Amino acid sequence: MKKGSASYEFVKGLWKENPVLVMLLGMCPTLAVSNSAINGVAMGLAVIFVLVMSSLIVSAIRKLIPSEVRIPSFIVVIATFVTMTDLFFKAKYPDISKALGPFIPLIIVNCIILARQEAFASKNSVGLSLVDALGMGLGFTWVLFLLGSIREILGFGTWFGHRVLGSWFHPLIVMILPPGAFITLGVLVGLKNMIKKES
Amino acid sequence: MSGNSLYITPSPHIFAREDIRGIMWRTVASLVPPLVAGIYFFGLRALLLTVVTVATALLTEYLFLLLRKKDTSAVFDGSAVITGILLALILPPRFPLYAAAIGSFFAIAFGKQIFGGLGNNIFNPALLGRAFLMAAFPVESTVYSPPIRSIFGLDVITQATPLTAMKFSHIKTPYINLLIGNTGGSMGETSALLIILGGLYLIYKKYIDWRLPLSYIGTVFLLGGVFWLINPQKYPDPLFHILAGGLMLGAFYMITDMVTSPVTPKGRVIYGIGAGIFVIIIRLFGGYPEGVMFSILLMNSVRPWIDRLIVPKRFGEVRK
Amino acid sequence: MKLEFKMIAVLTAIALASGGILAYTYVSAIDSIEKNNEEAKKKAVTKVLPGVQEYKEVKIDNHTSYFIGRKDDEVIGYAVLTEGSGFQGMIKLMVGFDRDVTKITGLEILENVETPGLGNRITEDWFKEQFKDRMPELCVVKGRKPENEHEIMAITGATISSKAVTKIVNQAFEKLKKALGGEE
Amino acid sequence: MRFTFKGGVHPPYRKYTSENPIKEIGIPEEVIIPLSQHTGAPAKPLVDRGATVYRGTKIGELQGFISANIHSPTSGKVKRVFEWPHPVALKSLPAIIIEPDGEDTLDESIKEDADYLNASPQEIVERVKEAGIVGMGGAAFPTHVKLSPPKEKPIDTLIINGAECEPYLTADDRLMREQADEIVQGAYLIMKAVGAKRGFIAIEDNKPEAIEAMEKAVRDYPDFRVAVMKTKYPEGAEKQLIWALTRRQVPSGGLPMDVGALVQNVGTSRAVYHAVRYRMPLIERVTTLTGGAPANPGNYLVRIGTKVEDLLKMTGGLSEEPVKAIMGGPMMGIAQYTLDVPVLKGTSGILLMTAKEVELPRERDCIRCGRCVEACPMFLYPTRMAHLIKNKRFEEAREIGVLDCIECGSCSYVCPARIPLVQYFKYAKAELRLLAQKA
């Protein structure tokens, strides 16, 4: 796979340039809402939606925006989609909206999204920006899903709300508290680096 | 004659007999009396708990040394055994075994090996493991049973520890029970007498610096005494402060941990006083009845600064 | 001059587009959102005032309101929606009282950020059920069974959360009595 | 009351040879006289290949202020002037190699001065300088330099160092027992040379016979007293000894003369006596051959320049194969890579250890037990200095005192992690010297 090809730009976000495990971007939602698998997936989907839509718009109008005002422009675009997402969740899935709390509106300041606009969408074609956004969004989502799954299973003994560990299991409550998020993410980043070193 | 087979090493060419291994294993030996007392008071379940924590600690140590491609013979330097025993001593005797194993794993893996093994850890591994269990299993971590009548007894009535009884109900446990260990609590919290004996042995062998337990216990006694004088109705007396809870174990086996305490004599006194102040603050004004664990972990985190700031005055030093 | 103009023009255009889209989204979403909120309230009121058929909301202050519950045009009780601080953040709950405001008919925890698995257990049924038929002023006991109708058993390891809920219920009771007394 | 210092360690004594009287051994088949046997500049050779020399003939002339003469230990012919393994430098350095003729003819310049007790201070210093005397405790600092302090730094206290705190070594102990009078006379001459008012003879309390002998010898010298020291290492270190006896601290970077003190080893003192009375240069010394390997360990009067190999041959060889050969004591001595090295003026002992006696340390991570801090007689911060040096932060190590290290080895000795702390400090000192030269 060559740099610049669509497949490369898609795959890099999943592993080699994974926004969470490699670039350690977007730590705020990563640590805050990854206490259950469903929250991780919901957050991930919200980010994919905002990221893809913003990247599409930004790459489409990239030649019109003077570089002096590009950051405010990006923010306005991003904020629009974030607000839409927030309203959508509130209207259709009030429970998840409650669980994710202020972290949906906080996607606006998620560095992943702004970083992709600044580093990629504002310099590349609509097509490439789309695969880049999808790759990055999916990379973010699978890590959040994994984090959420680990923390939910160890911290509640459930997975997507279903009990997977028997009644003998005393949940490790710390796993769903902030320290659990840090520990789990640290271990994942460590494992990622170990695998990278081996290969 | 043989000129080729001579070893070239820098001076000195002889060494004090005691190496890390000797120090660690003799410390293990000094922990046996309080352990036996704990088993006497809490039954074979307490022994089982200790076996689980020690075995897990050794296994974890071995695994990590293997992963880090280090000499695995360091498993038997005794330090992991100490961590295992200390962890068992500060857990409720009926703590779930697999949960204790998780705590022991955490203590060695995240408390010690991740920092680079013995000597490089910032926090006392046993206390870090205990703190983790406190957060992971808050209910199981705070349910204590009273001492049992027979060694095989399985009576599972819960009983508040002397400190909990004091904090929430203002009930005072008699001193004699505190001293002998006939109270609810973890194994290592109960028998002040045997812990003092073990501690005195360690001081005699110079494995621990007397300044640490003295400044720590002294601060708790004095500061606790000040509050007691201010309001004897509300605050417990200083003797109760030093006999109840994990203060004795903390003062002789936790705060004295070589790796996580300061190196210089002056630094050690500062360290002990700081930890003593935290104990009183947490016990009297915090959410938890006991402050020993957090007081030492808190001081662990400032230890590097103490070691950097306190430099001994050199022989013949001319200070301007 | 040209650049400044372009900057203003582009930003204005983007802002206008954004505003338009958002206005449209808001209008299409607001009905469902309000319906959701109403439904949540209705569910809670139904739970804490068993048998209620219709209710009317009356505001007491910024954080508190009460609902007058009726069945067959008869007042059967009052439900108080209020909030107070817990161990980590605010706890929002609804508590129902009988017609004479002498005993509790039910309790629902609507929002809380207590420690999951610990303080969070205030949402468990056994804990909420305890409040039924009890009489304020309530207090919490630890490590033993409640002995009279004023006592609530604390959750093991979560005394502070248990106490917080009890305190909020007591306050709701006081506020409701004051509001009703003032009305009459 | 026993005098002592703060800090230090308690290594086992292992003074196996303290009951072996000093024995003179003969003349070896070959003697190796390195031109550099002392602190400071090497001597300039005065003889060349084929030259005939006698016992006591000056064969090397001092160069510069800090340097010392060297002499032939016996009569014979100069074989060559060539490089030879040096026991301190641990590399080959220029040496004068002499083939003895077995006659041991005395050089004619060596004549007794019957009136030596009336020699003036200047004469004493001059004869010491001529005799090439250096500190015989191990440091090998030229003695005549120490005997010529500048006017503004008068010396009031002389300390004759018989502490012999290094384990295994017994040469000074035997010397004090057998030659107490000569030591005291030498001390008297040194005192006269520098104008000191009082003198101490410092001996550790594990040598009661030496204390008794010296006490008897000083009976007629009211300005002298025997000071019994606590047995602790490094009791014989200059700065520690001065503090123990006078409570004066030699300032950091300073010399004993800054606090009006002068320390001389008992062997040096005796050499001074021989130099002033007989004009005999320093060509032999008592050294302890010890450890598990030699067949006949003991205290031997050895010609300077005798190879360790030959010394062993002349004393009956080995009983066991040595795995480590140390010049000096086990605490500060230097491990040798060959037994070809010669005995020097500063060689207080030769320790040949067997495999059973040697512990090969395996370094582990510091566990911050603080024993090095407690042991350091200079009150330094060894573990922190080593940490800084490992990270090449030499400047910071200097700021907390690495240059004050006396390299006694107490920290390395007590370290349970077996960290070669002293080695780090020696390395840092060398690096700092290089840095200073560059600047």
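Letters A, B, C and D name the chains as they come in the text, with residue numbers starting at 1 for each one.
Here, contacts are C-beta pairs under 8 Å (C-beta built on N, C-alpha and C of every residue); 3 or more make two chains touch, one makes a residue touch a chain.
All of these numbers come straight from a predicted model, not from anything done at the bench.
Chemist: Any idea whether B-D or B-C has more C-beta pairs in contact?
Modeler: Of the two interfaces, B-D and B-C, more C-beta pairs touch across B-D.
Chemist: If I average the C-alpha coordinates per chain and also across every protein chain shown, which chain's average lies closest to the global one?
Modeler: B
Chemist: From the C-alpha centre of subunit B to that of subunit D, how far is it in Å?
Modeler: 48
Chemist: Calculate how many whole Å lie between the centre of subunit B and the centre of subunit C, each centre taken as the average of the chain's C-alpha atoms.
Modeler: From the centre of subunit B to the centre of subunit C is 45 Å.
Chemist: Taking the mean of the C-alpha atoms as each chain's centre, how many Å separate subunit A from subunit B?
Modeler: Taking the mean C-alpha position of each chain, the two centres sit 42 Å apart.
Chemist: Averaged over CA atoms, how far is the centre of subunit A from the centre of subunit D? Could you give it in whole Å?
Modeler: Comparing mean C-alpha positions, subunit D is 72 Å from subunit A.
Chemist: Where in subunit A do residues touch two or more of the other chains?
Modeler: Those would be 173, 177.
Chemist: So which bits of subunit C are touching at least two other chains?
Modeler: 115, 118
Chemist: Could you please write down every pair of chains that are in touch?
Modeler: Chain pairs that touch: A-B, A-C, B-C, B-D.
Chemist: Given the complex with subunit A, which residues does subunit B contribute to the contact?
Modeler: 96, 99, 102, 110, 132, 135-140
Chemist: Quick one: which bits of subunit B touch subunit C in the complex? Just the residue numbers, please.
Modeler: Residues of subunit B touching subunit C: 138-139, 141-143, 158, 160, 168, 287.
Chemist: Mind listing the subunit C positions that touch subunit A in their complex?
Modeler: 3, 6-7, 10-11, 14-15, 17-18, 21-22, 25-26, 29, 32-33, 36, 40, 111, 115-118
Chemist: Spell out the residues on subunit D that touch subunit B in their complex, using ranges where they run on.
Modeler: Residues 9, 11-12, 90, 167, 239, 243, 249-252, 254, 309, 312, 318, 321-326, 328, 330-340, 351, 353, 358-361, 364-371, 373-374, 377-381, 383-384, 400-401, 404, 407, 409, 412-418, 420, 422-423, 426.
Chemist: For subunit C, which residues are in contact with subunit B within the complex?
Modeler: Listed in rising order, the residues of subunit C that touch subunit B are 115, 118, 142-143, 156-160.
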